[in-house]
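There are two complexes below, and they share chain A, which is joined by chain B in the first and by chain C in the second.
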Partner chain A sequence: MSQTLWNRTLTWSGAVRRSVSRVGWPATDKDRAAAMISSLFLHIHPARVSRHVLKPAYTCALGLIAGVLFVVLSVTGLALMLYYVPYPPEAYRSMKDLQFVVTFGIVLRNMHRWSAHAMVMVVFLHMCRVFWTGSYKPPREFNWVVGVLLLLLTLGLSFTGYLLPWDQLAFWAITVGTNIAAYAPVVGDQVKFLLLGGHVIGPMTLLRFYVLHCVMLPLAMLLLISLHVWRVRKDGLSGAEVHAPAAEEVAGVFPPSTKTYGLMALSKRPRTSVEARDPNDDVFAWPQLLYRELLVALAVSVALHVVSLVFMAPLEEMADPTRTPNPAKAPWYFLGLQELVHYSALVGGVIVPTLLVLALLVVPYFDRGKAGAGQWFAPERRVANAVFTTLAVIFAGLTIIGTLFRGPNWAWVWPWK
Partner chain B sequence: MTNDRVPPGSVAEKPERPDRVRRSMFVIGCIGIGAATAGFLAATVRFLVPNVLYEPSRRFGIGPPTVFPPGAVTFLPDRRLYVFNGADGFYSISSVCTHLGCNVKRGGPGFECPCHGSQFDENGQVVQGPATKALAWYALSLSPHAQLVVDLDQPVNPEFRLRA
Partner chain C sequence: MGVAVEVKTIAPPRLHLVFAGLGLAFLLIFSWVLFHEGTAEWRTTQARFRRLETTVKNPHQLAQSVSVAGLRQIWLPDLGRVDRCGTCHLGIDDPAFTGAPRPFAAHPGTWLSTHPTDRFGCTACHDGQGQATDYANAAHQPQPFVSRPMRPLETIEANCGACHRALDPPDAPRLAEGRRLIIEWGCFSCHDIPGFEGLTFRGPALDSIGYKVRPGWLSVWLGDPKSYLPQSRMGKFRLSPDEIANLQGFLLSQRAQAPLDNTGVDWKKADTANGRALFGELRCVSCHAVNGRGGTMGPELTRIGDKVRRPWLFSYLKDPHRVQPDTPMLRYRLTDDQLRDLTAFLYEEYSSAGAGPEPTPATYQDARLLAAGHAVFERRGCASCHQLAGTKDTGRIGPSLAGIADRDPDELPYGSNIVRHTTDNYIFLKVLLPDTLGQPSSMPTYGFTPADAAKIALALASIRKTDLPASYVLRRPAPVPYRPGGKFGELVTRYRCLSCHSVGGFGGDLSTVPLDRIGSQLQHDYVAKYLLNPGAVRVSVEARMPVFHMLPEEATSIADYFSTVFLDDSIEQYDTNFTAAETRRGEELYGQLGCEACHQLGTKGGYVGPELSASGARLKAGWIAAWLSTPQRYKPDTLQPDYGLSSTDVRALTAYLSSLGRRDAAKARGGDAR
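Up next, the complex of A and B:
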C-alpha cells in the first residue's frame, strides 16, 4: 500500500517537473543541443558555435560583460528605487540614508555607481574591438548602427542618473551638460526647456531625469539589446567565416553533404553552406560557450563586489544653485567634450559630437569591402583602422586631460603637484 | 497553407482594374490616419511643455536702494545677480556665465568663470573666451513701495542706469 503511494507521488512530482521543463537535465550532447534550442533563456545561443570565435583573445568578452553590467545595473537600480525619493531636498537625504542608515545600502549604491562607469568604458572598448576586427562588414552593418544607438543610450542613462543624488557634483555637471544642449542650432533653447521642464534645474528637472533614467531609457535599452543580440544570433559571431576551411579540404574526410534545412528557403540571411563547414570546427554551445559565459559573469560579479566594498561612490554636499564649485566638471566620460567646450561651446559641444556620431552611424555603409573582416588589425584595413584609432586616441587623450590636468578656472595643472 | 494555390479555371482571367472609388477611399483613410498620428505626436510634445512653472518669479524685489552702499557691488547669490550702486545710478549684471551657465565670480577687474575659464570686464563684456556673449544686464525699476525691482524678462544695454 505504502509502496503504491510512494510510486504515485514520484509519478506526480515527475509530471510537475515535466510541465515546467520538457526535457530533464540533459546528459548527452544531443539533449543539451535540444535544450539550447527549446529554452527561452538559452535560445539566444546557437546549438553549436565555431571554436575560433570562442577564443577570449578574439572578442575579449566585452559585449557579454556589457550585458552582465546591464543586468547588475537593473537589479541594483530597482533595489535603490525602494529608498530613493525623486524630489529635492529629500532626494539628497535619501542618498544619505542609503549611505548611513539602510543596511547594505551603501554597497548597493557603490555597485550601481561603479557598474555604470564600467559599462561606459566596456561599451566603448566593445566598439573598438568590433571596429578593429572589421566585424561591422556585411551582413552586420545594421547591427553596428544598433550598437552605436546602444552607446548613446548608455551615455544618456549615465547622464540622467548623474543628477539623481542631488549633490553639488550632480547639479553642476547637469548644468554644464544641459547648457551644451542649448547650443544646438534652432531648437537648442526649446530642447533645454523640455529637458529641464523649466528655465532652471529644479524639482521638475529631477522628476524628468528620474523617469528617463528609471523607465524610458532602460526600456529602450532592453529593446535594442534584444535586437542587437538577436542579430548576432542570426548572423553568427563574426570571424567564423574566416576560419571555416574551404570545401575541398573537408571533402576528403567527410562525404559531400546533401543535407538541407527546411527553413533555409525562408531564411534570407547570407550563410556559409553546410558543405563548407568543417564539423570539427564547431563545438557544442553547451558546455563550451555556456560555461565560459557563466565564468565571465562570475568574474564580473566578484570584481564589482570587491570594488564596491573598497571604494565609496562620491557624494558631495547638497546641491546649491548659488555656489559653483571650482572647477565644475561634468562626468568623466564627458570631460573630453568639456575640454573641447572649453575652446568653443558650439564647435566642441554640438558640431564635433554630432559629426562623430554621424560618422559612426554611416561608416559600415561607406566601408563596404569584405576584405579583412573577422581578424584583428587586418592589413587590408590599415587605413580605416588608422583613422579610427587616431580619433579614439584623441578622444581618450582629451578625456584624460579634462579629468586629471584641469584645475580651478579650467587652468592647466599637473596631477602630481 | 493552401491560400496561395490558384483555383483551377481562374488562371486565364485578367485581373480587374482597381475600383476607383475604393482606391480613393483608401487614400482618404490613409491621410486621415496620418493626420491623426501627426496630431497625436504634436499633442505629446505639447504635453511635455509645462504650463505652470514652480520656479522663483522672474520679476522680484531686492529691497530699498538704501541697503546697497554707494560705490559698492552686492552679490545676491540666490538670485544669481550682481547689483551695482555706481556714481550715476543703479544697475544689475547677471552672474550666469553665457558659456555654460556656471556662476561667475568677481576676479581681477571684472568677472571670472570657474568652469571653463571665461573672463569678463567690469561691464560684463567678454575679455577672454570660451564665452562669446557678454553677461546679461537686467532692467531695474523702483516700485511704489520704494523697492528696487529686477525683471529677468527685460534685458537691457550696458548704458542702463537707474537713478534713485
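Up next, the complex of A and C:
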C-alpha cells in the first residue's frame, strides 16, 4: 500500500516537473543539447561551444561579470527602491534609515554602490579585452558599437545613481559633472537645463535622475544587453575560429559533407562547415559552460559580500547648496575629464569626450583587416593595439591623478600625505 | 558512447574543488551577514538592559514594565528630527534606573519633566546624530560628516539658547552670564547679533573731548585702555604709534562745546574734607568703583585726576546731561561751592603723583594729521560706540553674527592655535585673541578671561542659521520704553530714576525695587520724606539710593505721582480697620514664625530682610498682606519664605506690622511704642 502511494507520488511529481521543464536532468549529449535549446534562459548559449573560448585567460569572464553585476544591481536596486523617497531631504534620511534601521539595509546599499563602481571598471576592462583580442573584427563590428553604447549607458546609470543619496558628495559631484556637460557648444546649456530640470540642482533634478536611474536607463540597458548577447550567440565567440583547423587538414579526416541544413543556410554565422571542425574542439555548453558561469557568479557574489561588509558606502552631510566643498569632484570615472577641464574647459569638456566616443564608435569600420582577430596582442595588430593602449593608459592616468592627486583648489597633493 | 566524449561532457574535478571552495565561502560570508545583523550593537545593548532590569526592579515592577525589544524612536516633524536614542537609553525616563550604568541611567534632574521627550526628543538639546542606532554613529564623540556632534555638558547651554531667547534664560547660568557679558561689553555695537536687537551700547560722546581729557592720558588710553583702567570696556585696538598720534591729534581738536563757566570758582577755597563728605553722601560708589570697590555702572574713579581736566570735571558734575545726554548719571542739585569741593576732592584724592600740572588745551592745526586721525577713527569704527558729530556713520563695523553657530568650521581661520577645528573653538579664539587667527582683524583685543570668553562664545553658539519653529521659541520679552512726560518726567530724567529702578521691565536693575506698584507699597508721606534723605532700608545691600539734594516740592511731586499712578488695585482694596486682638495675635505670630531671624525690629534681629521698626509708617497695609500671602509672586527670587499663611494669620501679622512706628497705633496697643 505504502509502496503504491510512494510510486504514485513519484509519478505525480514527475509530471509536475515535466510540465515545467520538458527535458529532465540531461544524461545524454542529446539531452544536454536539448536542455540548452529548449529553455528560454539557457537558449542564449549555443548547445556546444569551442573549448578554447572557455579558457579563463581568453575572455577573463569580463562580459559575464558585467552581466552578473547588472543582475546584482537590478536586484539590490529594486530592494532599495522600497525604502527610497526621491525628494529632499527625505532622500538623505532614507540613506540614514537604510544604515541604521532597515534590516540588511546597509549591506544592500553598500553592495549596490560597490557593484556600480565595479561595473564601470569591468565594462571598461571588457572593452579593452575586446580590443586587445581584436574581437570587433568583422562580422562583429556592430556588436562593438552596441558595446560602446552599453559603456555609455553604464556611465549614465552610475552618474544618475550618484545623486540619489542627496549628500554633499552626491550634490557637488553632479554639479561638477553637469557643468562639464554645459561646456558643449550651442546646446550645452540646454542639455544641462534638461538634465537638471532647472538651472541648479534641486528636487526636480533628483526626480529626473531617479526616473532615469530606475526606469529609463535600465530598460535601455536591458534592451541593449539582449541585443549584445544575441549577437554573440549568433556570431559565436571570437577566438573559436583561430583554433579551427584549416578545412583542408580536416578534410582528410572527415568525409566532406553532403548534407544541407535549411535554417543554417539563412544563418549568417561565419564558420567553416559543421563537419569541417574538429569535434574534439567543441564541448557541450551543459555543463561545461554553465558550470563555469556558475562559478564566476558565485565568486563575484562572495567578493561583493566581503566588500560590502568591510567597506561602507560613503555618505557625507546632507546636500547644502551654500557650502561648496573644496575640491568639488565629479564621480571618479569623470575625473579624467575634470582633470582635462582644469587645463581647458573646451578640450576636456567637449572635444576630448566627443572625439573619444566617436573614435570608439567608428573604429571597427576603419580597422577592417581580419588579421590577428581572436588572439591577444596579435603581432599583426601591433599599431592598433599600441594606439589604443596609449589612449587607455593616458585616460586611466588622468583619472588616477584627478582622483588621488588633486586637493583643494585642484592643487597637486600627495595622497599619502 | 566513447570514453573521449565522456571526458568532455563532465566537468573536470578541478572545477568541483573550486565549486566546493566558493560554495563554502558563500555560505560563510552569508552567515556573516546574518550574524552582523543579528548582533547589531543596539540588539546586544537591549539584551544587556533586559538583564540589568531584572536586578534593578522587583518582580512586581517587572511584571508591569513594558518589554523592550526593537528600535524605539521619537519623530518630531516640526523639528525635522528622528531621535532613536531611546533604543539604547532605555532607562532614561524610569526613576528605577537612577544611577544605573550608562547608557541605561535615568536622566538626571527634572529636565525630562520640563522638556518632555515627545516634544523635544533628545538631539534638540544634546545634538548628535539622532537617527543612528550605534554609539559611534550617534556622534557621542565628534564624527566625520556629522555637523553637530553631541555637545559636551560644558557648552550644552548653547542649545538652551536656541529656544530660550530671554536675556536671562532660566536654569542656564553660563548662557545667561554670556548674554550679560555681550550686553555689558556692547558686542552688538559693532556686530549685528540676532537676539540683541534694540539694545544700545554707548561709549562717551567725543564731541568735546578736547576740553575733557589730558593729551598724555589720551595717548596712553588709545595704546592700551587697560593700562589706565583694567575694567575698561574699550578693547585694545593694536594701533601703531603713528596711528595713536594721529588719532590723538584728531580727537583733541574736537571742541564742540566749551565746559560751563567756572571763572567764578575760587579753587583756593576748595574744602576737600567737605568734598569727601559729599562723595559719601551722594553715594558715588553705588555706581563708580574706587580702588576696585564699588558699582560698575559708571567708570572707575581711582585715577580720574590723571585723565580729565578740572574745569571739565566741575562742569560735568554740574550738568552731566549737557555733555552726554544718554548717560545713566543723575544730575545732583548742588551749589557751585559743593561742586568745587567735590571736584577738588576727586581731583586730588584720585590722581597719581606723576600726573604733572595740567597742560593748556593745545590746538592742532596740521590738516594732514587731522585727516589721518579722522581716517583711523573711521577705519576702526570708533563711531560704532562713540558719538562724534561730523563723522560719517559707519554703522556696525563688524560682520553680522547671524547664523554664526552654523559656520563651516573648515572654512574658518585658526591661525597657529592648536585646537580642534570646530566653530565653537573658532568663536572662542576670536573673542579671546582676535589677532591670532592668521588673518588681519579689526576687532580689538578685549582682554577677556578665558572663562568669560568661553561664556560669550557659548552665548554666540546658540545663534543658528535656520530658525526653529515658532512654537518652540520663547522670545525675549520686548521691554516697553517708559518715558513719562510733564513735571514727573522731568524729575525722572534729571535724577535718572530709571538707571536703577524699572517700570514695566524697562530700566535698570541696580535697585531691588521696581516702581510698578510702589504707590501701593509705600505710604505717600514716607516717600516724600525718604526722597529728601534716603537711608538704608536693607542694611545688607551695598548699593544705596544717593542723596539727591532734591527740593522738598520735587519729592512731594514724585510721591503724589506714585500714589496716583503706580498702584496695584488688588492691593489697594484692603480693609485696614484692625482690631486690637488681631494686632496681638500678629505679634505672637511674628515670634512664632521667627521673623526676627532676618528682620531687624528695634535693636534686635537679623540683617537679611528690610528692617521693620517703622513698617507701620512706611508700608501700606494692603501691601504687607499681599506680600505675606505670596511673596514669590511679587519677587520670584526673594528669600522671604512663603509660609502658606491663612488669610486670618496674614491679617493678624499685617495688623501688627502696620502698628509698628505709628503713634496712633501704639496708643491702641497700650502705649507700647517700639
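In this section, the second predicted complex is superposed on the first by the 398 of 417 C-alpha atoms of A that agree within 3 Å, B and C clash if a C-alpha of one lies under 4 Å from a C-alpha of the other, contacts with A are read in each partner's own complex, and residues count from 1 in each chain.
The working rule: a contact is a pair of C-beta atoms (placed from the backbone, for glycine too) under 8 Å apart; a residue touches a chain by one contact, two chains touch by 3 or more.
Just so it is clear, the model here is predicted, and its values are computed rather than measured.
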| message | After the overlay on chain A, what do you see for chain B versus chain C, clash or fit? | response | fit
| query | Roughly how many degrees, to the nearest 10, is the angle at chain A when you join its Cα centre to the Cα centres of chain B and chain C? | reply | 50
| request: Scan A:I180 for contacts with chain B and chain C and give back first, second, both or neither. | output: first
| message | After the superposition on A, what does A:H342 contact: first (chain B), second (chain C), both or neither? | response | first
| said: Touch test for A:R323: chain B only (first), chain C only (second), both, or neither? | reply: both
| message | Let me test your reading of the model: by the given contact rule, A:V200 touches which partner, first (chain B), second (chain C), both or neither? | response | first
| query | Which partner does A:L294 reach: the first (chain B), the second (chain C), both, or neither? | reply | second
| Of the partners chain B and chain C, which touch A:A411 in the superposed model: first, second, both, neither? | first
| said: I want to verify one number: the closest Cα approach of chain B to chain C after the superposition, in Å. | reply: 6
| remark: chain A positions within both the chain B interface and the chain C interface are 323
| remark: Listed in rising order, the residues of chain C that touch chain A in the complex are 1, 4-5, 8-11, 15, 18-19, 22-23, 25-26, 29-30, 32-33, 36-37, 71, 80, 82, 84, 129, 131-134, 137, 145-147, 408
| query | How about chain B: which of its residues touch chain A in the complex? | reply | 48-50, 53-55, 58, 77-78, 80, 99-103, 105, 112-117, 129-132
| task | Can you check the complex and tell me which residues of chain A touch chain C? | result | 28-29, 32, 51, 89, 93, 96-97, 99-101, 103-104, 107, 167-168, 280, 283-284, 287-288, 291-292, 294-295, 298-299, 301-302, 305-306, 309, 315-317, 323
| field | Contact set on chain A toward chain B in their complex | value | 172, 175-176, 178-180, 193-194, 197-200, 202-204, 321-328, 338, 341-345, 349, 408-411
